[in-house]
Amino acid sequence: METILNYLGYFFVSIGAVFLVLGAFGILRMPDFYTRIQAGTKSSTLGAMSFIFGVGLLEPAWFIKTLVIVVFIAISNPISSHALARGAYKSHHQPYLKDGVDAYKEVENQKEVKL
Amino acid sequence: MNDVFFIVIMSMLVLAGVIAAIRFVKGPTAADRVVAMDNISVIIIATLVFVAYFFQRYIYIDVSLVYAVLGFIGILTIARYLEGGI
Amino acid sequence: MSTFAFIFLLFSVTILIIAAFFAAFKKDLLQAVIATSIISLSLAVIFYILQAPDVALTEAAIGVALSTIVFVLTIRNTKRMEE
Amino acid sequence: MENVSKISRLVYTWVVLFALWMAFTTSLALDEVLVGLAISFVVAAMTFSYFTQIGLKAFSPKKIMYQIQYLIIFIVALVKANFHVAKIVLTPSLPINPGIVEFETKLNSDIAKMILANSITLTPGTFTVDVIENRFYVHWLEVETEDSEKVYKAIAESFEKILLKIYE
Amino acid sequence: MRKLIIAALLIVVAYVLIDAFAEFQFGAERQGIKDYFLEHTPTDLQVANSVTAIIVSYRGFDTLGEVTVLFLAATGISTILYRRRSKHTGLNPLRKSPEASLIVKAAVKLLFPMILILGAYVFVHGHLTPGGGFQGGAIIATGFLLLLISYRQFKVEHSVVMWVESLAGIFFVTIGIFGIIYGPNANFLENFLPVGNLNELMSGGVIGLVYVAVGFKVAAELTGVLDTLVNIRETGDNKETKE
């Protein structure tokens, strides 16, 4: 039992570390702010969650507290990224569009006319 | 096993931190730098938990708990400033 | 403390120094504030590895959120670009 | 949404906060439990009016089943999203075609919208930029369609079905 | 030219620092005071965290001084900024600034009670875990900050803040005076309660009580400062008049 938990723990920690590296790589490679924040948020959230969960499995007495950290990260990380993206759009960061659409632009323009 | 594991994982965390730091130095606008900072702070939360495991000190976990809860408030503040909210 | 922890410590100090230069020489004060919070993050890691969790916790509670907001509010009340 | 009695919401908040306190202390000593009960009661009395809308009903077996189901769907989507991002990042040509699309949701409660937005942020290729009333504006890495009905089907339907059952 | 002078000055400073620290051995034993504390805190006071014992028990009077300094700083900030604020009561530009998104607001509703619980946990367990009154108070103030930045209509009642702060201060001093009355050596802030057992919540004598007082006081002070800072814009004498 002990060894199975240990191996699971090693597995989760390694997966988490790999995704943390990939997330950092993502924010380095992506072309603009919005795509960067997409890559960064997804990978770093799953990476940190799996990493900390893995440490909880390695040390079963810590499991509950690590679970609390995991839950907090799962709530707070997407929120801060969302707020940041919204703030960046409102401070006139144009998204990089290859041939895509920008449905949010109309809302922003309307608002400026109204004021 | 344990020592090798520690070194390998810590090297990966350092690598992730370095890559995010490159984005921090390069990032043309303030928002890009905040994204890099967000990423670095998540990496640091993971590092703190792992170092606590390495030292085998249960009470050290509290620090990373506080980081996980408060880390996003600073980013939220900057985001609110960017959108002209506060 | 193992050798590797020492190397990690040196690495954190390097990031701290880079961020400090950034904070000192950047004309955009908002980016300087972001650099300041990176300083406080790496400082907390340094305290933590030197086994001073009390100080690291204080740094976390003050440096990450409170000092950032005070700086940001100050920038809001003055101006963002340095001349 | 029907009204839920204050007592039920207060007790729900108290239970959740006390569980959180116990998770922080991870000890069953009598003094910890008593202090925790007192502190979580004070905080719950201060904040229950906005902490929860549905009160103790969240603990009914049916809703707990739905919550577990939601969690499983969410975790599967999260893992998929990460492999998706990893694939994009590791491809040298960066195969992306980003854009911002919109769709409408049927959810009413703010917290349900928040959970839906978080889930969208963490699932493959999508990212919530803003929510106005009940319109979601979503940044999509590979835009397939602009039609809001199709967007809704592609992005949000699987999550929203369960959230409607939990929060209505 | 100016840069040259700065560089020369920096070299001088670096030389002085290197000279000063060349003989200095980091971590070396200087006065033997470290061993005293490490030996005596677990047995004298039954406190798991020696740093806390030094701050609150052996050097309790210093802590009272620090809290007073913080109080003076908070009062000073409020005094300076409050005068400005009452000058232009007519305009309220803060009401026009864009609201936070619905998602942030919902998340704040969910997270605020949890942050309060975390802060309470940190300052109640000051003598068992890292942290203490100051950190716990800062965490609680951060929770209020979250409300302040995401809800435009949220207002901190300054009278409540003042009352909490004063009561916490009075409580702190009262504990000190009780030390004079009931303590074995009749000193200010001396421990007069049973010390309990190591690693239990009810250990360390007065340390827990002092930390509760410090926690409330710091939380109230920082919340007041932040509220004042956030609301300066209501005066309208910064951005609006400059641009």
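For clarity, chains are labelled A, B, C, D and E in written order, and residue numbers in each chain start from 1.
Just so we're on the same page, a contact is a pair of C-beta atoms (placed from the backbone, for glycine too) under 8 Å apart; a residue touches a chain by one contact, two chains touch by 3 or more.
A quick note: this is a predicted structure, and the numbers were derived from the prediction, not measured.
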| item | value |
| --- | --- |
| Contacts common to chain B and chain E (chain labels) | A, C |
| Contact-richer chain pair [C-E vs A-D] | A-D |
| Closest chain to the centre of mass proxy, which here is the mean CA position | B |
| Centre distance in Å when chain B and chain D are each reduced to the mean of their C-alpha atoms | 23 |
| Distance between chain centroids, defined by C-alpha means - chain A, chain E (Å) | 31 |
| Shared interface positions of chain E, touching two or more other chains | 98, 100-101, 103-104, 107, 110-111, 114, 118, 122, 130-131, 135, 139, 142, 145, 149, 230, 233 |
| Interface hub residues of chain B, defined as touching at least two other chains | 17, 34, 59-60, 62-63, 65-66, 69-71, 73, 76-78, 80-81, 83-86 |
| Two or more partner chains touched - positions in chain C | 53, 56-57, 61, 65, 69, 73, 76 |
| Each pair of chains that touches, named by its two labels | A-B, A-D, A-E, B-C, B-E, C-E, D-E |
| Chain B - residues contacting chain E, complex | 59-60, 62-63, 65-66, 69-70, 73, 76-77, 80, 83-86 |
| Parts of chain C lying in touch with chain E, wherever the complex brings them together | 53-54, 56-58, 61-62, 65-66, 69-70, 73-74, 76-79 |
| Residue ranges of chain B in contact with chain C within the complex | 3, 6-7, 10, 14, 17, 21, 24-25, 30, 33-34, 37, 40-41, 44, 47-48, 51, 55, 57, 59-60, 62-63, 66-67, 70-71, 73-74, 77-78, 81, 86 |
| Residue ranges of chain A in contact with chain B within the complex | 10, 13-14, 16-18, 20-21, 23-25, 27-28, 33, 36-37, 40-41, 44-45, 47-48, 51-52, 55, 58-59, 61-62, 65-66, 68-69, 72-73, 76-77, 79-81, 83-84, 86-88, 90-91, 93 |
| Residue numbers on chain B that touch chain A, as the complex places them | 5, 9, 12-13, 15-17, 19-20, 22-23, 29, 31-32, 34-36, 38-39, 42-43, 45-46, 49-50, 52-53, 58, 61, 64-65, 68-69, 71-72, 75-76, 78-85 |
